[in-house]
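Letters A, B, C and D mark the chains as written, and numbering starts fresh at 1 in each.
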Amino acid sequence: MTLHRTDITVRGFHLDLYGHVNNARYLEFLEEARWSMLDDRIDLADWQVRGLALTVVKISINYRRAASLGDKLEVRSALSEMRRKSATIQQRVFLKNTDTLVADADVTFVVVDVKSEKALPIEGDIAEALNVLRS
Amino acid sequence: MTLHRTDITVRGFHLDLYGHVNNARYLEFLEEARWSMLDDRIDLADWQVRGLALTVVKISINYRRAASLGDKLEVRSALSEMRRKSATIQQRVFLKNTDTLVADADVTFVVVDVKSEKALPIEGDIAEALNVLRS
Amino acid sequence: MTLHRTDITVRGFHLDLYGHVNNARYLEFLEEARWSMLDDRIDLADWQVRGLALTVVKISINYRRAASLGDKLEVRSALSEMRRKSATIQQRVFLKNTDTLVADADVTFVVVDVKSEKALPIEGDIAEALNVLRS
Amino acid sequence: MTLHRTDITVRGFHLDLYGHVNNARYLEFLEEARWSMLDDRIDLADWQVRGLALTVVKISINYRRAASLGDKLEVRSALSEMRRKSATIQQRVFLKNTDTLVADADVTFVVVDVKSEKALPIEGDIAEALNVLRS
């Protein structure tokens, strides 16, 4: 598969008093990009029926460069690692059409059975589905 | 009952690029104040058990004066009107310990039966419970 | 001019505990749509150079129908009224490609001179610029 | 100094569709707690006059346990490390009055000269001021 790309334009309500995108807001940008990627590549309706949910257990984000009003950002996302019980999506935020990195993050999640609230092993058709998120 | 008061300190992440609290953020301040009021005066656990929820159907808010970093705000809330199927809470945001009005809003809600998703008539013990929200 | 349209897909982080888009979040959807409209039709860079800003003074919003995970929304925006010192943009949120109204709002703003922090009369080239926001 | 503590009550608008506090929202809780700590212990007005700002460059957060409507949280914050050009604040979110850890984060920041937009060495009176943030 190719890398997944989501465009975001920086608006006034994304900014803090220094005129820069606020830290917490980046996590919403990343979440928007992950939902968009999952929407494109995974049958989420089927997962919902089966009572499966992705739950984020760890985020590690570096803020590299401030983004300002009107900046066009591109979030590039791909599954970077799969483990027995968790997986990691790498997400990088660039100024669109440039190599200027604004932020990058590793987002680690587990696949949870909503009823039992237990993390499931990542194997079989779950592993297969996640595999299409690789770049 | 007396007027309900909730304190909020303006933080950096509440501000927009002009250094003022953003429009949407005020709605969170108001919601925080309403939850705090309901928490203090209504048996929310009992309402949840009975499948009752408050659903906002209309908000009308005036932004009177910009609030800035470090400002101490006080949200004063009280039920101002009860109708057959809806009720209104008036909320005013002041600079704490002053008469300087920052914003004021009328928030109209219905009491919904979560199962049927229908608005219930505001009468009997529901009306009684809401009555304690008056100032 | 034609009505301005902005698409928004409802994501998990937009929802509250009832699985519906939260009240405050709609104001961000509306703000996103207004920025997008202004971006398309007004020379915002020129306004910034001249020290002009749009400041919202009043929002009146009706929540008509809950929006849920995955819903595709379309915000339709147009200037609906111009007065001597303020103007109003009407914004309606529909389920995309339907006549199902999710929310509608009147957003009233003034044009502020950032230096003096005074509202300017809406006349001359300011009125002209705003006129292109009519549907 | 003692550990700094900030209380937060989980409200409806903090939750996502699973009824749990959303990932991005935790970063606002942490930011609220950091501002509150800085407010208590550092002369922020003086820093602002001198054109100094704290800029977050990295956040690493573990989500340990879901928090739900009405939960009382306590954020415990302290400076954990000082380096030549950056420092780290450790923040742990507990269910109040318990040892149940909800989330924990390392937040790394630099001290920026707002005019030059350069990170300053952490030494002299800057290091002294930050030292009071230790537990």
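Note that in this section contacts are C-beta pairs under 8 Å (C-beta built on N, C-alpha and C of every residue); 3 or more make two chains touch, one makes a residue touch a chain.
Keep in mind that this is a model prediction, so the values were computed, not measured.
J.: Measuring between mean CA coordinates, which chain is farthest from subunit C?
T.: D
J.: Is the number of contacting C-beta pairs greater for B-D or for A-D?
T.: Higher contact count goes to A-D.
J.: Rounded to the nearest whole Å, what is the centre-to-centre distance of subunit B and subunit D, using the mean of the C-alpha atoms as each centre?
T.: 28
J.: Could you give the separation in Å between the centres of subunit A and subunit B, each centre being the mean of its C-alpha atoms?
T.: That pair's centroid distance is 33 Å.
J.: At what distance in angstrom does the C-alpha mean of subunit D lie from that of subunit A?
T.: Subunit A and subunit D have C-alpha centres separated by 23 Å.
J.: Could you say which residues in subunit C touch two or more other chains, in rising order?
T.: Only 12-13, 23-24, 28, 31 qualify.
J.: In the complex of these two chains, what residues of subunit A are touching subunit C?
T.: Contact set of subunit A toward subunit C: 9, 11-13, 28, 31-32, 35-36, 39, 44, 70.
J.: Can you list the residues on subunit C that touch subunit B in the complex?
T.: Answer in residue numbers: 18, 23-25, 27-28, 31, 53, 55-63, 114.
J.: Give the list of subunit C residues in touch with subunit D in this complex.
T.: 12-13, 15-17, 19, 22-24, 69
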